[in-house]
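Just so it is clear, A, B, C and D label the chains in written order, and each chain counts residues from 1 on its own.
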Amino acid sequence: MKIKNPDYKQTILDEFKAQKFMAFINARVTKIEPGHCEIEVSYKEDLSQHHGYLHAGITGTLADNASGFAAYTVIEKGSSIVTSEYKINFLSPVVGEKIIARGNVVKAGKTLIVCRSDVYDVKSGVEKLCATALLTMVEIKGK
Amino acid sequence: MKIKNPDYKQTILDEFKAQKFMAFINARVTKIEPGHCEIEVSYKEDLSQHHGYLHAGITGTLADNASGFAAYTVIEKGSSIVTSEYKINFLSPVVGEKIIARGNVVKAGKTLIVCRSDVYDVKSGVEKLCATALLTMVEIKGK
Amino acid sequence: MKIKNPDYKQTILDEFKAQKFMAFINARVTKIEPGHCEIEVSYKEDLSQHHGYLHAGITGTLADNASGFAAYTVIEKGSSIVTSEYKINFLSPVVGEKIIARGNVVKAGKTLIVCRSDVYDVKSGVEKLCATALLTMVEIKGK
Amino acid sequence: MKIKNPDYKQTILDEFKAQKFMAFINARVTKIEPGHCEIEVSYKEDLSQHHGYLHAGITGTLADNASGFAAYTVIEKGSSIVTSEYKINFLSPVVGEKIIARGNVVKAGKTLIVCRSDVYDVKSGVEKLCATALLTMVEIKGK
């Protein structure tokens, strides 16, 4: 995985902090590595659906953001990432105390960056794959 | 479109109200018809991404929920809907004062209900298609 | 829908003819309009799956190609189209004598062109929607 | 991965043989294991697109079939598999002498089986990931 922006960690942390919705749902970036990013959200009642579990909208949001930030690790300094599209499969309801989304770059092209996100439901500290997504990111240069 | 639950409007309103995340982002159901449901969310800073626009996570959440509730109009009384998977394409950033997601049933099968959601960015009252999604819902009987 | 290549019809017919796989399955382009393209394939036993119906691989191929050629109507002369990704939902088995795939441009961006394809199963001359797809095409300039 | 049909290998080989389209493109099943299936197709001019490379329709067909048959390894004897939907990302053109699609079961539910297929372009014996797909299969019981 070629790294073109040596300051990618700081760029990601800055962009993440600038997303007010991330603070609103109390999301945290917990790992950043070349081609990889992890984001967590803890359960709270405000984020629940009609059976009391974490809302799938949070799962989708995290799957999207984890891959979006994974893509930030492989682009040029000054570029930004926009999500072109994603597809997500929900495998089981989120019943635990938090979820962790792990985003990975599958292929970094000149403009398009294909990523995969796996989302884990963490209950009593045990992880279970609860959703998986395939995503296409676009590098917008000079922004 | 065959209607099996004559009280589908009330069922949808009850389920929607039970989703605390919908209240948290101040989403409203604005239309329910056979095979169709519309949900709106107004812009507020808490829901924004790093350029200040509405976060794509909100767009995805509404696309999912509008089709999920559209599916509720064609299932049996006592059944509930779970999202199996969806795919969403983002067409333009959401720059307006609110978004409207319109969910439509494309095919209601015995177990699977395929839906389409179109999401509109509303700026100064003018609508613009900003995202489109294709979704698979599952009817869980007797719940 | 802005047209940049006045000779798009000829371009499409030439590209289609150059795809030997289209001749192999005996596919025909039956309509080309701005932002729109239709392709047909007739049933033959060689294209069948294990229940004797037309193979879903043909359905997917046509959904992809119909939108790919729809995208050709909105790009510059000399550009070519590559499929970035697509998602397809199969709604019912193809039991008729032919299928028609109708591809439509949903949004023509600077580089990415988002399309939708609807595929119809034609039995005794009656059309039935049997698959629907959402696709992202990339314009490769100067090729 | 729980195996309910001890004769799954024979079932898969029989179903594969019954798909005449597989013979038409000269596809071969090269590996069957619990939750896993591999299918190959060699390049021939009849299967090419307009640049002379293997047509993406073949890539999509194999991605679909490899996961479909992977799903056959985890269902009951007498059940059959139907593809509900899939999403595929194309990562690079297929320029080699053959492709191999590897399908894997990600989650085997009561009715729905979520799978992933990775497709490799093999050039001079060297494999390169050229497409990746996420798929939803449905188990049809008693057929």
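As a convention for this text, contacts are C-beta pairs under 8 Å (C-beta built on N, C-alpha and C of every residue); 3 or more make two chains touch, one makes a residue touch a chain.
Predicted model only: the values in this text are computed from it and were never measured.
Participant: If over half the contact pairs have to be identical by residue number, which pair among B-C, A-D or A-C is the repeat of B-D?
Facilitator: A-C
Participant: By CA centroid distance, what chain is farthest from chain A?
Facilitator: The chain lying farthest from chain A is C.
Participant: How many Å are there between the centre of chain B and the centre of chain C, using C-alpha atoms for each centre?
Facilitator: Centre-to-centre distance between chain B and chain C: 29 Å.
Participant: Measuring from the mean C-alpha position of chain A to the mean C-alpha position of chain B, what distance in angstrom results?
Facilitator: Roughly 22 Å, centre to centre.
Participant: So the centre of each chain is just the mean of its C-alpha atoms; given that, what is the distance between chain A and chain C in Å?
Facilitator: It comes to 33 Å between the two C-alpha centres.
Participant: Residues of chain A touching 2+ other chains?
Facilitator: 84-85, 87, 89, 114, 134, 136, in rising order.
Participant: Per the contact definition, I'd like the list of chain D residues that touch chain A in the complex.
Facilitator: 87, 89, 91-92, 106-107, 109, 114, 116, 129, 132-134, 136
Participant: In their complex, what parts of chain A are in touch with chain C?
Facilitator: By the definition above, chain A touches chain C via 84-85, 87, 111-112, 114, 134, 136, 138.
Participant: Please give the residue numbers of chain A that touch chain B in the complex, ascending.
Facilitator: Going by the criterion above, the answer is residues 15-16, 18-21, 23-24, 45-50, 55-58, 60-61, 64-65, 82-90, 93.
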